[in-house]
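Two complexes, one shared chain (chain A), two partners (chain B, chain C).
Coming up: the complex of A and B.
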């Protein structure tokens, strides 16, 4: 197992290298740079040229890439063009918020999707199942930003149940448990908006997975042994049906750090997603590159963790 | 032998959907005596598996027993609640299936799957159940029984898995074992071993067996009596010797002729023409008439009853209607 993990980790290096080349090319392909935007006619052209020189933008793209790569490998993510702050500082300020939002989203997703999916599978093609299916498709087809705006309009603006922005009440100076409650109060709306989307697809997936497991021969064997329905469901049906969720969980782990660009932007949630949005608008490529590389690494690691967990859950899957 | 363990009477099992009712089993009668092996024979789709699942009350969704009785030790199983069936399934009546490859849960260890039934029915502790399970594994001829307990189905061959299914079924000492095509998915040498094992266990535990098969070789090997089913109905019933010596129904004769033999030189293997009609389009008269070489005018219009042509030998065929009269006269 240790050998397998080491092999997988080593295998990530070339993958990450290719990803970084592609990302850098994409970033470079965008016309203009961080300073073209500053079209204030009062700013001296000479100053802009000086800044370009200072940040190395006057060098050729290939040269720029290798300078970036060398720094990146030394853990040096560079200085943001926009804020003139170290990128690592910007990211470490934001990453906690994003992970908090993502974890709450995951919890809401699983708490809703698993019971709904199983419920649907146990009563296929009934009125309730069809209703759930209909809502799933509505949830699936709703764009995030629209869902987010709708949620703000209904629950913040009209009902005034939840705040529409931020991670905590500014200036309230809460501490301890009160602070946690305040944070939860702020996170519920963006997290639920994000969760609704994934609940829709998870529900569909769990429903069909449970339906299929119920048809298996070994389930009939379990009934033939005289096991009560509940035991058969728990031990034989669900164990097999929910195993593929581990793969989804791995992908979700990867997206923990990716943030939700649109949702964070709409809810002015100071996380990585919004940082990506801002840095893209500003062509702030040290920030963009660092964020994208974090996403790439966390997705690769998420996949690896999923594979390891799968081998623990399914005796047919073994790595050595 | 006359002691009846199970009596199936006028059993009708149908699959009901919004648009249609499909009579998969359409009025089946037979009984099984204590210690007897009864073979239920017929082509695929004739309703023999659904008959056995009806006895277990494990008919797939949409299926329903609409008429008839299944009397097991004096009690009608069709009247039992689902909770009462939990005590009968796996305990009084056990079942093994055709596909040993898929009949075991791939993610649970063999030991786990063996002991869960034992703990349930015999009220044993985990430890006691484990030793009982190991004892059963040894009984069905599994080497390294202790180690196999902690292995998983994918590590075992088909023959081994079927032995485990048998161990599982026999572990609570059932009065009736339903074996639905237990050897069909196995290769020939393993088939013989499994049949031998079933015979041995039957003697040892004095279990009755309802053997469902389409393989007449298996019937000859195992059965005391035979019920031949066609299109959801019983078409012939006889003891095994009578059936092989003087098959009375044209369908049974056809089945016999379809078995390859070494004695006769045959260019082409005989097969009954046509296929089993699907339950939603049974012919109006005798259900076998469209495929029967001896069909008469009346066969196309009326359904024959079961005629007793000899003691314990009944046939659903107009050819034998006169014989019954003669026998009675």
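Coming up: the complex of A and C.
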């Protein structure tokens, strides 16, 4: 197992290297640079030249790439073009918010999707099941940001139940438990809109997975030897049907940092997704490069965790 | 079953063709029995119809500003009011459907062509071609597609319909390629491919005549669901302001962009709720159709 993990970790290096080259060349393909837009008669030409020199933009692209790579490996993500702050500072300010939002979203997803999926599978093709299926389809077809806009329109502006933006009440100075409540109050709306999509897809997955497990021979055998329905469900059906969820958990873990560009933008939630949006608008390439690389790393690690968890949960799967 | 006569052995073709047709007929019959799929098909047809017939339905030019009638509320002249430069929102909604549907259709065809081609040669030839293409797939799949699109769109100075379609095509093919490769891998080992090889058919002929027809159901279902995904992607990118500019042509996505203004969001819901609902309705009916097709062709469902 240790060998397997090591091999997978080493395998990530070339992938990350190619991704970084790819992203870097895309940036280089843009005519001009971050300071071209500032070129106008009111700005001293010398100043622009100085700034270019300061950010190393006067060097050749290949040289620039290796300087970037060397710094990145040392945890130096560079300086933001836009607000001249270290990129690592910008990112560490945001990561917590994104993770908080993602964790609450995951909790909502599991709390809703598992019971609904099982309920649906136990009464296939009834009115309730068909209703659930139809709603899952609507959930899958709803653009997340449109859901977010509707949620703000209905629950923030008309009903005034939840705040429409931010992570906490500014200037309220809450501490301890009160602060936690305030944060939860702010996170509920974005987390719920984000969860709509995942609840819909999880529900559909769990439903078909449970339905399939119920058709297996070992389930019939379990009934035949006289086990009560509850025991059969818990020990034979659910155990097998819900096993793949462990894999999804790993994958979800990996995409935690990918954030939700659209949802975070709609709710002006200061997370990584919003940072990506802002840096994209401003063509702030050091920030973009760092964010995308962090996301790539977390997704690769998430895939690895998914595979490890699955082999732990299912003794039939072995890696060596 | 009739005894095998010399006749059937000599000319297996008519027989094969008959059977071939019945697979498709069976699929059509099964599809028509699926109520949700048929409802989806009719709804999508109606949406396409009103978008194509937009010039006959809309009484206003979707791109013509009317400075004397800015931010108008819905009335019997302008069914959905006017926007911040006085353009008729109802007309824009109808014309916007054209672009959203076009982007969805053309980009999903493009993705299927690129992904299908690469997946087919990877699966059929194997060896280094397979490794090369599959590594490309792995690398592109590491980043979420929307982020990849966002990155590529940034480097373009101005987004047009066709550059948007190109970006969608270039970033979204990996899943299709992987899907097609898997199918081709298993078909390659079937007896009929082996016998085709034995009688000296060229690779091209085997791929076109024996492999492709068998992968087609998977590709059709994939293309349908991709169209839904691409319409969602267009609306998402346009909401962020990275889609086709509203001055060039209206799309449902760039109409939704208006809602990033808080005043529009709270006080003028008629500007952004209709295009949003149109997106939901279109994507929903396409998803119903895709699901119906998947059941009709009896393809094992994957996580979605």
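Keep this in mind: the second predicted complex is superposed on the first by the 313 of 320 C-alpha atoms of A that agree within 3 Å, B and C clash if a C-alpha of one lies under 4 Å from a C-alpha of the other, contacts with A are read in each partner's own complex, and residues count from 1 in each chain.
Here is the rule we use: a contact is a pair of C-beta atoms (placed from the backbone, for glycine too) under 8 Å apart; a residue touches a chain by one contact, two chains touch by 3 or more.
Computed from a predicted structure; not experimentally measured.
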Clash or fit (per the criteria above) of chain B with chain C on chain A: fit
Given the touch rule stated above, what does A:261 touch, chain B (first), chain C (second), both, or neither? second
Using the superposition on chain A described above, determine whether A:135 touches chain B (first), chain C (second), both, or neither. neither
Is A:4 contacted by the first partner chain B, the second partner chain C, both or neither? neither
The answer to whether chain B or chain C touches more of chain A is C
In the superposed arrangement, which partner chain does A:72 touch: chain B (first), chain C (second), both, or neither? neither
Write the angle, vertex at the C-alpha centre of chain A, between the C-alpha centres of chain B and chain C, to the nearest 10 degrees. 70
Quick check for you: in the superposed arrangement, does A:19 touch first (chain B), second (chain C), both or neither? second
Who does A:162 touch here: chain B (first), chain C (second), both, or neither? neither
Using the touch definition from the top, say if A:143 reaches chain B (first), chain C (second), both or neither. second
Once superposed, chain B sits from chain C at a minimum Cα distance (Å) of 8
Using the superposition on chain A as set up above, list the residues of chain A that contact both chain B and chain C. none
Of all residues in chain B, those that touch chain A in their complex: 56, 58, 82-83, 85-91, 94-95, 97, 99, 102-109, 116-117, 120-121, 152, 154, 165, 168
With touch defined as at the start, can you tell me which chain A residues reach chain C in the complex? 15, 18-19, 22-23, 26-27, 29-31, 134, 137-138, 140-146, 149-150, 152-153, 157, 201, 204-205, 208, 248, 255, 258, 261-262, 265-266, 276-277, 280-281, 283, 288, 292, 295-296, 299-300
Which residues, counting only chain A, touch chain B once they are in their complex? 216-218, 220-229, 231, 235-236, 239-240, 243, 313-316
In their complex, what parts of chain C are in touch with chain A? 36, 138-139, 142-144, 146-147, 150-152, 154-155, 157, 228, 232, 235-236, 239-242, 256, 259-260, 265-266, 269, 272-273, 276, 279-280, 283-284, 287-288, 291, 301, 303-304
